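Chain lettering (A, B, C, D, E, F, G and H) follows the sequence in which the chains are written, and residue indices restart at 1 in each chain.
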Amino acid sequence: MSSALVSIICGSRSDLATVERGAALLTELAVAHEMRIISAHRAPALLDRYVSAATERGVRVFVCAAGLAAHLAGAVAARTAWPVIGLPMPGGSGGVGGGLDALLSTVQMPPGVPVATVGLGNARNAALLAAQILAISDPALAERIRALRAGQTRAVEDDPLNEGA
Amino acid sequence: MSSALVSIICGSRSDLATVERGAALLTELAVAHEMRIISAHRAPALLDRYVSAATERGVRVFVCAAGLAAHLAGAVAARTAWPVIGLPMPGGSGGVGGGLDALLSTVQMPPGVPVATVGLGNARNAALLAAQILAISDPALAERIRALRAGQTRAVEDDPLNEGA
Amino acid sequence: MSSALVSIICGSRSDLATVERGAALLTELAVAHEMRIISAHRAPALLDRYVSAATERGVRVFVCAAGLAAHLAGAVAARTAWPVIGLPMPGGSGGVGGGLDALLSTVQMPPGVPVATVGLGNARNAALLAAQILAISDPALAERIRALRAGQTRAVEDDPLNEGA
Amino acid sequence: MSSALVSIICGSRSDLATVERGAALLTELAVAHEMRIISAHRAPALLDRYVSAATERGVRVFVCAAGLAAHLAGAVAARTAWPVIGLPMPGGSGGVGGGLDALLSTVQMPPGVPVATVGLGNARNAALLAAQILAISDPALAERIRALRAGQTRAVEDDPLNEGA
Amino acid sequence: MSSALVSIICGSRSDLATVERGAALLTELAVAHEMRIISAHRAPALLDRYVSAATERGVRVFVCAAGLAAHLAGAVAARTAWPVIGLPMPGGSGGVGGGLDALLSTVQMPPGVPVATVGLGNARNAALLAAQILAISDPALAERIRALRAGQTRAVEDDPLNEGA
Amino acid sequence: MSSALVSIICGSRSDLATVERGAALLTELAVAHEMRIISAHRAPALLDRYVSAATERGVRVFVCAAGLAAHLAGAVAARTAWPVIGLPMPGGSGGVGGGLDALLSTVQMPPGVPVATVGLGNARNAALLAAQILAISDPALAERIRALRAGQTRAVEDDPLNEGA
Amino acid sequence: MSSALVSIICGSRSDLATVERGAALLTELAVAHEMRIISAHRAPALLDRYVSAATERGVRVFVCAAGLAAHLAGAVAARTAWPVIGLPMPGGSGGVGGGLDALLSTVQMPPGVPVATVGLGNARNAALLAAQILAISDPALAERIRALRAGQTRAVEDDPLNEGA
Amino acid sequence: MSSALVSIICGSRSDLATVERGAALLTELAVAHEMRIISAHRAPALLDRYVSAATERGVRVFVCAAGLAAHLAGAVAARTAWPVIGLPMPGGSGGVGGGLDALLSTVQMPPGVPVATVGLGNARNAALLAAQILAISDPALAERIRALRAGQTRAVEDDPLNEGA
């Protein structure tokens, strides 16, 4: 089996159900990936070691899902120069404005350390963005993504309401 | 001269000064790029033609800067399967919450059409993210980015206040 | 049967139940209309073709319902000079501030391409506004709207609590 | 001289400079209009009389500009069944979130009394929307709007940066 | 029976359950009051007539409960110089930020036409404020309010957790 | 000279310039008032003594101006059962959302301890509301307020733009 | 039994269930503590007496939990120079933005009277912070906290998904 | 000279002017402290080493000032069990809502890793809180803080406006 190119890290086990929708898309697109649950705040040394080891093994894109004061993506971006995708999670009853805290904590990075942020809880977009990035140097993957996108378009065109549109 | 790999599109001429800071970083990193000013709302057909032509010529990453109801990045992402980076612009006197309108309009894309969003007006991060993406298949560029990042780190370490830290 | 004057477009099937309350009002006011489900992001070419064809067939007002980074109304407004009504949808668990993302993405259009925005999820107002616009050149419709409005007023006046008010 | 079809009402004299940019566009498009400064809160009876008289004289679209707890557009919409366009004004030092108060006070109308809201301080869009509405029954005006829109598009296409785009 | 001194107006029947908690407090404090359901937008003329008639009959304080673009309190304040208390209602699924729209629409009145705004959905405080205002010229009512307040304080002091505090 | 009926308290000297606009209106309306600068946080015991003493001397309405985590009005309301008017101040560079922090800290009081909140920095409305409250038992003051309000209305009617409106 | 070093005060009985999670952590860390329910608004004199008495008895850190216009922590901070921890509570149906009102009312204190604010409803962090503060002069407690923190880290490391990470 | 008990870390040189106001207060209170400029994102390894070394040398409280997606305080809190005070900085033109991004990124920490957050840009409160924490085991410092607080109170009492209050 090929080594993982994408690493998906959750800040907490409670993010897992959402994030697995992204992992499923990577599987569908045949992008090798691995998943971990590492809090940037509760296990910073583990995160440090993991980012190094994963990069060493060939990971080229990180997807980081976290809520509240979501530092995970930024912490990873501080430790690697490969692209890091931030997936802010809506925070439930202790969050502010439906996840605005996680969104701002993820996207508003200082100059020099970017995080590629996608919409709140949108694990599918995080995974698809990872695949699009890898597709630049993988024509077969690019083709699979184009097919997926074409399928999305066809689903709209085939909606019964759109007949003859 | 090599053909552009990154296209930077501004929604309006007023975004140009900010965006040029990103272009300067791409030049510094020797990433071939081109710049356009195309409003998704005032010139949608031109945008359509341009995205096709640019892709055809070899552009692999789009950086889209826009303010207010910032649709530019989403409109480009709807027309290409290559990575699109959204750069929301603070809106000035007609904006809401210091650019919250542009940020939400850029990042909250529906499943299936991601936009990789960076912080408000952070053109440097948009450009660096584009370079990081291309560096996956360009070891020399990856090296230049690592050098840039190391320089950022050294600048902190060398701050007079940090002597002996 | 007369050709549609109003087109109602949803960005996603999940908006349909809300939007149908607007369609019902148009039926009640005898305004010919048609409905489509076309994502500006997943099927941009279809949207392009549809706006042209609908205009050609006689549509004079578009009502566009979308959530999150709601670009649908703006995308239609970029392709027609007839009035476009934007109906921002509350976003559910992935939305921000109860739909603030959709509201700002719809209303904050750049100069030169207006979208007539109504309240969050207020399909009745979107439909009534469309009818009011058409009523300027349709005295019989203007009369039906006045009757509807008078009925609304009477319902308040007839509230048991208001007896003798 | 023809009678006004569009009435522009400001809630306060301080809105006048912004609103005059909209009036200038109506003049450019040869749409007969008139302007008033009537606070819904300080002169409600005058507003009442004015809306009746203006409608009587032939006004078919109202544009209402107000800031803070911006009730002007809603107050006019409560008194006429012709289309009312709301132009929320950024509130200066006593406003909240750069005008979020005026935006929400204008757009979030109850079912049955719509206000067609445009972006914060965007007088040009308020005026253009009024013209688009009237153009449905005025083919010459529709032609002038199409020319204006085409000019906007050409201005983008002719930007020096876009040569050969 | 004595004539009403306080009038409680709801913008919609859906506000009634909340508002009745305020009415119950007025009854408890023996403040004569009456209740109406009058939308400022759907029945502006009725509101106009009612405010005049109520003032004529002796009403001295108005409590106005409304949600969304809550204009009711402002509309009443524009028509009377007696104190008007605004009670913004949380807006449910079509509201923004849990009722921020209603709060800003109620409190941000222009200079010269104040509305005394209380917290979101806090009918008890609206009613108590009305009573406090009337108590300035009604020593017996002032006494009853002091007793009520003392009771509130005692309830805290008597909490089992506070024994010996 | 008559004893003060209204007490205006600022939380900080920086609020004084704004608040004096309210004091000027009370002078114009011949409402006896006094002014203090007492921080609820830096001088709680002084505030405690002052509220008692002022009430003893005949103060019947308190106007409390404060910014940031504006507790002043609430602290006074906790210590008197006479009406307390809260005047939230826009917070300058350390405030959030143009004063949203002060507004929410002032208006969102718990049941049983109301604060009558006016708009951000709107000292004129705070003062006018105080006068309206006192006017219930002072017919001559009520007459002066009506004259003031009529003057406001006439100023609108006499605007040159409104000639013949 | 040793005297309490930490006092936990709730503004209302409805905060108790949340706050008890913090008390449990203090028990686990063997930090002597006591709990009270005292509203700063409904029982200000009791709060005054309690803060004095508690300080007298040896309390060195206060944890104050309150929602809405959450003044409790600030009121305590105004009355003691020992550290005060503010725990803003999400406000339920009458709150704004999921508790933004409580957060801003707690954290935005004026210079000279700090409140150490933790995240919304995060009673565990409020309690842990209190313990960390006391641990500076209590090496055994510092050791227990380090063990707790190490346990948190180990729980992450031992997650089945992280095997071999 | 005694070794530093408080470490003040800025995320960027632009925060220095604000933060020095806090350092000045520590000097006034004779609390030994040191200052560094270390970005958590640009120099994570340096931050790691510094937190260990500082703790080793005797630092017991960290004050961390950062703007935008302010991770600094959280990153330090992840690496030490001594109290960490977060000082969110208003973000200037690229910030959201006047610093709401920095505030939420600092305060909304996950359970188990608290950050004691003070108001936006309020360096004086950050420093005073650090001193209050250390004062628990330093009676002389506690005395100096009480004197400072008493001075604050006296300044209010001595305000010319408060004569005889």
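We take it that contacts are C-beta pairs under 8 Å (C-beta built on N, C-alpha and C of every residue); 3 or more make two chains touch, one makes a residue touch a chain.
Small disclaimer: the values here were computed from a predicted structure and weren't measured.
Note that among the pairs C-D, A-B or D-F, D-F reproduces the A-C interface, with over half of its contact pairs the same by residue number. We define each chain's centre as the mean of its Cα atoms; on that basis chain C and chain G are separated by 49 Å.
Chain A and chain H have centres, each the mean of its CA atoms, that are 34 Å apart.
Per-chain CA centroids place chain E at a distance of 43 Å from chain H.
Among the residues of chain H, those in touch with two or more other chains are 39, 42, 68-69, 91, 94-98, 100, 103, 107-109, 112-113, 119-120, 122, 152. Chain pairs that touch one another: A-B, A-C, A-G, A-H, B-C, B-D, B-H, C-D, C-E, D-E, D-F, E-F, E-G, F-G, F-H, G-H.
Only residues 11-12, 39-42, 44, 48, 68-69, 71, 74-75, 77-79, 91, 94-96, 100-101, 104-110, 112-113 of chain D touch chain E when the two sit together in their complex. Those residues of chain C lying in contact with chain D across their complex are 60-61, 81-83, 85, 103, 107-109, 111-120, 122, 124-126, 128-129, 132-137, 142, 145-146, 149, 152. By the touch criterion given at the top, residues 13, 35-39, 42-43, 45-46, 49-50, 53, 68-69, 91, 93-98, 100 of chain E touch chain C in their complex.
Against chain G, the residues of chain E that register as touching in their complex are 90, 97-100, 103, 119-122, 152-153, 155-157, 159, 161-162, 165.
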